[in-house]
């Protein structure tokens, strides 16, 4: 443990976050009783940013783990490494978080295998313990420790879901895309473009979000809007910027691409398409 | 073995447990003859709490293992680790329990692979032995040792079940949610709210439990009711608290969410919904 | 090899076994010519007990391995471990048995992977050898060595069966539940209850055995009857004892549970049901 | 290599083998040109015994490997082991055979994974080389080295077969059960019983072999007949001996068992059935 | 890190690249804001060449990783190796790129397993960090670092696609085969043949590209045209060169081969076919 | 590298190869521009022999790797081994070939896993590099290095095929069985029999090749004809030799065997069948 620099997990500067309801108070109350929290919502709507903001606000270290289907329980808990003096235990990110009292954020937790999700059970009930069975140690979580998980309900298939015995260990908060005005402000601020252009980008995105489930898996995220804005700020023509940042990443289907390009042309009627290479 | 601190497995303070029948006497009789015991019942109805209570009452160390489909037999029994003097055997939790005479509680045992469940066979018949084949040692279980397993019959699929040759090694006890009065007392006690509010939370939960199998995999657990109560005690509006702790964790389905919110509004008719972020 | 205490594999006291036919003479003749033996029969009807009894009677060490689908050939044969002087070979249970002339009992052998079952081939024909290929050693089996396997024909699926080239290496003996009188004597003796109560328990079990294939995978084993008797001896009411030891372990199906409870009430008409927790 | 005792692979005494055609001359001619040979035929008809006999006759060491689906190429070729002086290469059985000029017999080769079978390719064409890629060595086979494989065509499923590029590297010889007279002589000789009893055993077996594909995967092998004879020689009643050695190992199906028992009764009409335990 | 020679990743000489639109300016703008970029397009149309050209133009080191379905996250990030002084961390290509500020090009990223693709998430949002969880280090990406991925939309099956949460981290650029004139210039330049012959090769290729989805998975790539040109330059007859470089690599289907050969004969009507061996 | 004896990869004596068209010139032209080459054709028609011949003719070392589905990228590239001085890198066969300028022949490349085939990508385009990512080294291929792969189009299933992005990196040459006269000369030369007998063997083989796709996966290879000839030269009767070398290896189907035996009898009408053992 002594070789982990815990200050690296503190968020040094206030993350840019625009609250859209009571979510800050609700999260703070949940943290107050150290309730594990589940953040639900579509890709790129600001769940990760919100956790960073709350970690900064609460002045707690934040340890983020991007979950995936090949991650093992040892990737979270830790493992023995071979040293010149024999084996040496190396804490995993969850164990580090439990020891130093960090917020441990498991991003897209449904992607993980079951042993990963089951590992958090004793940390998310009255026990607040993490048994390191391979090491024969029972770690009592630091009083400040909290588990936060995120997942995207629309995107998950029926085959890949959290077990009820996992779900029922969490309070849950639903996130969605911000309102037009709020999102335009965010895009303008982050991309360094005028609010008018930002609003037009948001309007393109809203069209795409209405197509979710009708040929698109997801609508355009706020992050993609910022990308488009950044390209425009670098003097790329808006239509080309939108195609590169909004249309191409979303779909490989020709018809759907035409539909999205039509939405772009509606709000950015200028100039001709030159973004198609070759 | 000498490097395991066995006192860490003793339950120091009496767990809060409200008996609902003869289960304490029945378990005590089973422990008296060291009969392996299987606890059956839905998520969060108090099976784990009951084992902790009995371990405290019988003054036996308790070693709990949360089973999962990626757990191997070695995770239970132990393995060789590399040391400066060569390899060193590290007992797993089941072996530790067998040596020190602990109650070994395998939570959600059907989640485990077959090699995990088969490993307990020689410990759960007249032999009461654990062969450490990799070490060439045959551990005779401590006279106080007992195996307890839990599982959730409603939740298990047909594809994932215990083998008959495993099931028939256990006496079994069925658990269910407590009665209204008992559950309200538990929620009030654990969340620090008044009994009236706790009763209303229980009534919301009972509505959800009637929906089990009709769109819900499980009803709201007692644990979630305690979460909702804790948020209310932190001055979160009851409707928002219920949405965060009771509705959102249970379902991602829009219609089902409306149904559950209607149940919340019935028992907590105050104020407007502001818990939806964005 | 020198670090294996072979005396630990000797059965010190005569196991309680009630013969039901010529099986003792037949097994003794098979052992005389060192014929590998396969024991077939339902769960908990006494196959393992019989092997223990014969090992005691023949005064041979007995090494039992509970097979499972995750067991590898190395788990049976042995492997190299790292030592301060380099690698060191560790015999597995089958190799130990072959060297010291033990009876090696592979319980539920169909559960094992093919490499486990193929490993016993050269030990079960005229060669009586075990090649330790990783070690470059060819072990000639001790003259007293014998392989015994068990399996449960009714329980095995069509997909999981022994290869013919394995089956045809064994003489086979079929086991079934003992007759009413014999089984009642066993239950009375093992549980410490009167013969009358034991007989009633056996009658309950026989009802359940008739339901095999009609909603039950297996009937109640003798072992479960002993459990029920032990609880009765500890002053648990017979109905509650039967529910805990006979009904609950067997099925999660409501209708089948009612059927079994009706059988219990027929033979134990006393008192009311209080064994359901909550 | 120097730590392998090659004399252990020589067959010291002439194996009992009854030739049934020109197979000895044909195999000798194939060995003369070092043609790889494939032995085809049902379980227990004498393929392994024939290879042993030829190895004895040709005075070549014989290395037998029982193939299985979990065997890796390294199990055949060899691997690096850790030693006090670093890693040390350990030849596998195929490499040992190639170096010392042994006959390498891969029993039931279709059970192996593809990497096992492909490994023998460069040893079975004009190259006669074995590349130890992990060691950076190219082993030229000893002039006396030969590869022999066996497989059971009737038993193999369509899904599990040798690749054509493997098959076409071998000359092939078909084996079948011996004629009645020959088989009876073998059984009488091996079991130590009179020829008359042996003939009756063979007649029982022939009935079962006619049922192959009509409810039986295989008929009774010569090995099982020897088992039955050995039990009879130990004074077990013929019907009981046949049930234990011929009927029970072959099938778990009640109707098929009745059919086989009827065949037994036809040829051994004496006494009553007491071989069923319980 | 100090043992990595970063200069080896610089492109020393200007790669031959013919721009076909605004792609150079667009990529440069994206690099300016360090936007992760996804290159979409068919096999062999010049995606890899374009990245090399841009790396040369921007004077950034380029680290290319050919993704495949067996690649693990450790293959990208790094792993511990055993050294005489114990374990030593070895950076993977992604970590090296993040440290030295290289462009990291993940070629055919959809071929990789999920843990590979998820690993780039924290490097492709505002965090620009790479957590080396096994090492307990959080690498902040060098300011010049950028991630580029490629994939081939037409070739990917529905089952193998990037997750939306991955896709929406990238701006995307579509590539296609160049125009006839441009492609002929490229082929003439690279193969050292006259423009007229090069044009005829391009015309053959265009016929094959029209067959994509109608019996061909892909049309002939520019690379194959260069191969054909090179063979012609080495005095192989054009029909034979086309068959070897254009027809045979594309298809094993007899009818489709006839169709493609007809296209060859149309544009290269000279001489007879002698390229079929045997 | 210094511990690899590269001279072992040179073909010392001219392999017996009968050219059947322009294949030698075509291959030489391809090698001249170091074009990667794919050899297509049925089992045993001479692809491997052709590569050996060309390696001998071009005086280049030849490194052959028999691919299989369990081969990993490390088996081709290399891996770290543990040494008394820590870990030591061991080049795999592909890396050795790239360093010393050998022809690297990957036999039956479609059998390999994707990570094996993808590994050759950077060696088969303009880069001609092999990144040893685990070692942090980028190997520039020796100017004489070339990759050659073989595969059998008829035998491959639809599920197992090379990716287009792999295929389009190779010029391809189709091979087939030689003409009757040529093949008879080869068989006579290799088996040491007269041309007349060899011709009859070829005629038997041609019958079988016409049955390909009509009950046979492949026809008889030239190699099997040589085997049959060798047995005849060892005084085995032609019918028995043909059955052992031509009929039995090809099929286990009774009807197909009769058909092939009839073909044998047509061309070798002498004597009776005695090759069936038992």
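Letters A, B, C, D, E and F mark the chains in the order given here, with residues in each chain numbered from 1 onward.
Keep in mind that, in the parts below, a residue touches a chain if its C-beta (ideal position, glycine included) is under 8 Å from a C-beta of that chain, and two chains touch if they have at least 3 such contacts.
Only a predicted model underlies this, so the values are computations on that prediction, with no experimental measurement involved.
Under the touch definition stated at the top, subunit B and subunit F share no contacting partner at all.
With steps allowed only between chains in touch, the distance from subunit B over to subunit C comes to 1.
Contacts with subunit E and subunit F are shared by no chain at all. Both subunit A and subunit E derive from one sequence, and where they touch, under half of the residue numbers involved are common to the two copies.
For the pair subunit B and subunit E, the CA-based superposition corresponds to a rotation of 120 degrees in steps of 5. Inter-chain spacing, taken between the CA centroids of subunit C and subunit E, is 60 Å. Centres computed as Cα averages put subunit D at a distance of 30 Å from subunit F. Subunit A and subunit F have centres, each the mean of its CA atoms, that are 52 Å apart.
In subunit D, the residues touching two or more other chains are 82, 85.
Traced around the ring of touching chains, beginning at subunit E and stepping first to subunit F, the chains run E, F, D, C, B, A.
Subunit F contributes residues 20-23, 25-26, 29-30, 32-33, 35, 38, 40-41, 45-46, 50, 72-73, 80, 82, 84-87, 113-115, 117-119, 121-122, 125, 131, 133-134, 136, 138, 153-154, 156, 163-165, 167-179 to its touches with subunit E in the complex.
Chain contact summary for the complex, subunit F toward subunit D: residues 3-4, 8-9, 43-44, 48, 64-71, 75, 79, 81-85, 90-93, 96, 107-108, 111, 152, 155, 217-218, 220-221, 223-224, 227, 230-231, 233-236, 240, 244-245, 248-250, 252, 274-278.
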